[in-house]
């Protein structure tokens, strides 16, 4: 037990060191990828709450990233600080996510997948068509990067640390949430909703909360995405992003705390590793997803657990 | 957990690849659509760029330096294009070429501006040169420049008093539509139907019915190639017998190939065309066909002349200073006499927009025919 | 009788069929009431109507003097009605301790206080007590799914008790339990009743179990209550034997 | 006792972690009706599903006319003349009565299938009248009749039937029992599960009492009917 | 008036394709509870099999079409069932949903990578030419689509209803447990529905590609619309799905013409969400029995 804890602490320190120090050696492109990884991890962590912990399928997470991105872009280009954009984005994400939860009270599984898929496209259509508000297909350009505690984040490295900081805060918050009675109620909802309800757990309310919180975290990711790319238009927030986030969660390990980080790392870095076979990476990624589903239902994080468990078993 | 360490190590290798640059070379980075929806247009551009670079290097390079060309794929995706430009900038290039898709250009041009690297793009959306970016330059007429020519043609050539507009609902289509509608209003021509369509839309029955119901004198069609072809077939089927007018894409060889005889009779304005009745273009066309075994399109011409513009301007400023290059390209005019590789006399204005002659064309029996030449707008710098 | 639970005229119709036909009965505090009857006599439907899974066509349910007809299960639970299910229902991927915490957490504090983990400290004592009472303490940190069937059955019942309910419905508690475990189960339930005054209503097919445990038995056939009395009375009732043996 | 057609030795079966049948041993005589009674949860339906190969037995063996059939699936058993009518409603509601009937043998290469279907319809005029209607419009009794007719299409030697009276009126139950009696007279062996213990045993040759997964009593039906312990079986106290 | 008729006829012609695709979708669901999120890509792919046959191997069109059908039966029928559905279905609906999303990406990107990212012209089944129907125009290709799709639907219904094999498949779909008890080889019946689905999407592919061109991303819209058709019509009944296909084709055209072309997709999606929430079994579906 102590050996295991020691190994976990060592691994954690290693990862922390990599996340903190590796970027110092990177050029802007590498920093951009690392920042993108942080943003996608946050968005996937939100979906992991809804899907992995509470068991509610959502194919609309990309739309919430879009909502957050637009909230941040509109407010910051109008001269407000990014904090205001974050608040507005998270607020909208909570509200719209809560509403999206209502269909989940009536239908489940594939029906819910279709409803959320439809919702994603509806959000996209609104972002594109209501150009009085969103700028339509022209998008919003020159999104400024925030000044955090007096430090401007215009430099890629500074912005990366900003993203990393937000990721850590979100991770901390979600970690605490998942260990709280709320988190237990989400898992109970996934494991056995009928039993949960009979034990006094208000499954309706927790279902709505799971959608609202997971979606709001997605919007939070969007609110950082906007200053990262500094130009947004509706196209990145169509269905494709939702599907990509879903696959990240599944590949990393749904219902595993570190699953989204690993899934996002693969999604962001795989195309880089596969430069020798330009364009093949999506094909390989799809194959990887299928292999994970068939052979590793608990995702790559689950595989790591299993391998380390086996290593310990053999050591004895 | 061990695995994560490994991942990061690989990431390190992948991300931190530094590029040593030899003293006698100059690096040009080409960020372009090599895969995805834009693969066709991007590969035309890329092939022509490669051809131009090779020619210049064979002739001794620019000011004695050999051009080192690196390609980056945007995958026709704006987000990826931004990453690709970032990656290209990490190589510290002298000039950036591409991309063609306006949505991609809009996402990544800010990066080049921040890095102070001149970027010569193939995009047509008006907005690109309207953001006050001093490092962005076009190779083709912007929508703002081509729409007035087209509008004049609709008024004078067709004699239409009312038009329908059918456009694809993305930034390309919307930009063209906005510029076109403004020109129509300026000329007192009524837009009686204003119809948006989706990228990838397959069924144009409703769109044609709407045009028929509005009964305009002509219809302006501003869609991508495949959607243009699908629309033309449906229009032919429903017997829509008004002039169908378009911009460069509608008269593209690809549309003609896909739409078959339904494309016959389509008229419009073409900024650049491999069929242009100019000896320089004809010579280029022959060289390209000999080398790649396909007929070049306007995107090939754009890529080719972009490289020669870099050569000419650099020689004019006599060194490899990016700021000086950008300053010099603004308000520059390059003629065939200055540099034959420019293919067609071209001027840049203060915003980075180009001005030059353009053509009126028509599809006759499955071929694009140039039926007239329009003079430059002559706005330039003064 | 001063009933903790009073069911009056409860009726449930499926299409043309009366699954439950005007059933009335009451449960006194501290009582163990058994409901028996042949297959298809309407016992499960009756449970489902009382416990908020099905909406009754007619009739009323009162609990501790309050009308609770048609309330949602989570509300009933918070009012003090616990239950177990025919096929046992636990949270297999959660640890045994987490199962028990999940079972008790909604009965303390506010929604907001739960977010900040407040109830868990207050529940710790109750969890330890349940673990000890059901002899599951050594399994507290084990995922519930890897327990034996009998242990899961005990956990299932322990979960129903985490909230300190005033009345617990047991749906076939002996179903699938091997004879050795059955004695343990009966002893635990009896202890809960004697030592803590727990009140039970149970459906059960294992007659020995019912007859040994229950103070009073209700016999259902074709949706109606056809007999009621002590186990001894019911066992001697000719109508009951008829109902089981058929015409 | 007559010649044994089906012999079951120490059979155990269950679902998931639960074992329901805990070692049952019994025999089914050829050309006779054997009825299994017992309280709910005694393992009656589990026994039948295990015999028919729908549940893998966890222990024990099954013999049909001396040949071991343990673990064989429905197709093999149907080929050997064993058919099974489960409890509840087992028709295809959107197919016609005729087509439901035909499916009793459609999965096997039977050259005179059409003729057999016609013959069966002749035998049950009630079904012939409704041959073209969707099965969902039949009454409960008619549905059971159709299921029975469907099971007979393969000319079985042994019919396994689970609770035929469930949900039927006493009159309809009597009709179904009448048909079963007629089948026995034609030489079909029947193994039946019934809650309606009295009337079922009344028409049976043999009875088997199942309690807690084991056979508590196996005797001629009349003897079981006369046994005063039967009432106790259902109301606790066991039989032994 | 002729415009209304024009929209109706065009909607029906497109709807016929949706009906084919939706019917296959419903069949898979009925017999195996498998949701195929790659159904759109399934329709996109066979056209490229045919093109590979004619362009790369120089085969005549009909031979290539036959080859395409065989490949589809093998890859989209047999292999899909064995490699994706069989291992994942026991884990529940959600893993199947995610896996088929991945399959869709795999097919789409493979076509893009190994054939072409560009739209390809596809040989027409009929000569060009139009016929006039009360002032509305139908191309011969539309007529062929309507006729072939209609015949295929009819043939499928006849096969399912009038042949013993078809009825065994129906029996397996309606109640697999009872079908098993009657000795029907249910696993083989389920395989047949996968093959039937593969045949349906191949037919749809060959019918639709001459009009809409063959392109790697055609499945995105097509799959979505076919889902909507299947759900709106009724997921658990082939007839419902077919009716849904025609309805969606018509609604799409009228919506684009008379409501909003900006929100063209949105109209269908709102229809979908409304049906799921108000009548989950679909407009023509059968309510599934739910046990409490």
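Details
Chains: A, B, C, D and E, in written order; residue numbering restarts at 1 for each.
As a convention for this text, a contact is a pair of C-beta atoms (placed from the backbone, for glycine too) under 8 Å apart; a residue touches a chain by one contact, two chains touch by 3 or more.
As the structure is a computational prediction, the values presented were derived from the model and not from experiment.
Contact with chain C and chain E alike is made by A, D. Of all chains, the one whose CA centroid is most distant from that of chain C is B.
Across A-B and C-D, it is A-B that has more C-beta pairs touching.
Centre-to-centre spacing of chain A and chain C amounts to 41 Å, using the average Cα coordinate of each chain. The geometric centre of chain B is 78 Å away from that of chain D, both derived from CA atoms.
Taking each chain's centre as the mean of its C-alpha atoms, chain A lies 33 Å from chain E. Between chain B and chain C, the centres computed from C-alpha atoms are 74 Å apart. Multi-chain contact residues, meaning those touching two or more other chains, do not occur anywhere in chain C.
Of all residues in chain A, those touching 2 or more other chains are 128-129, 279, listed in ascending order.
Annotation for chain D: no residues touch 2 or more other chains.
By the touch criterion given at the top, residues 52, 54, 74-75, 78-79, 84, 86, 90-95, 99, 102-104, 106-108, 150 of chain D touch chain E in their complex.
Chain contact summary for the complex, chain E toward chain A: residues 35, 37, 83-84, 87-88, 91-95, 97-99, 101-103, 105-106, 109-110, 112-113, 220, 224, 227, 231, 262-263, 265-266, 269-270, 272-273, 276-277, 280.
On chain A, the positions that touch chain E within their shared complex are 57, 103, 106-107, 109-111, 113-115, 117-119, 121-122, 125, 128-129, 239, 243, 246-247, 250, 279-280, 282-283, 285-287, 289-290, 293-294, 297. The touching residues of chain B, when paired with chain A in their complex, are 1-5, 7-8, 10-12, 14-16, 18, 34-35, 73, 75, 78-79, 82-83, 86-87, 89-90, 103, 106-107, 110, 127, 131, 169-171, 173-175. By the touch criterion stated above, chain C contacts chain D in their complex at residues 38-40, 148-149, 172, 175-176, 178-179, 205-211, 231, 234-235, 240-241, 244-247.
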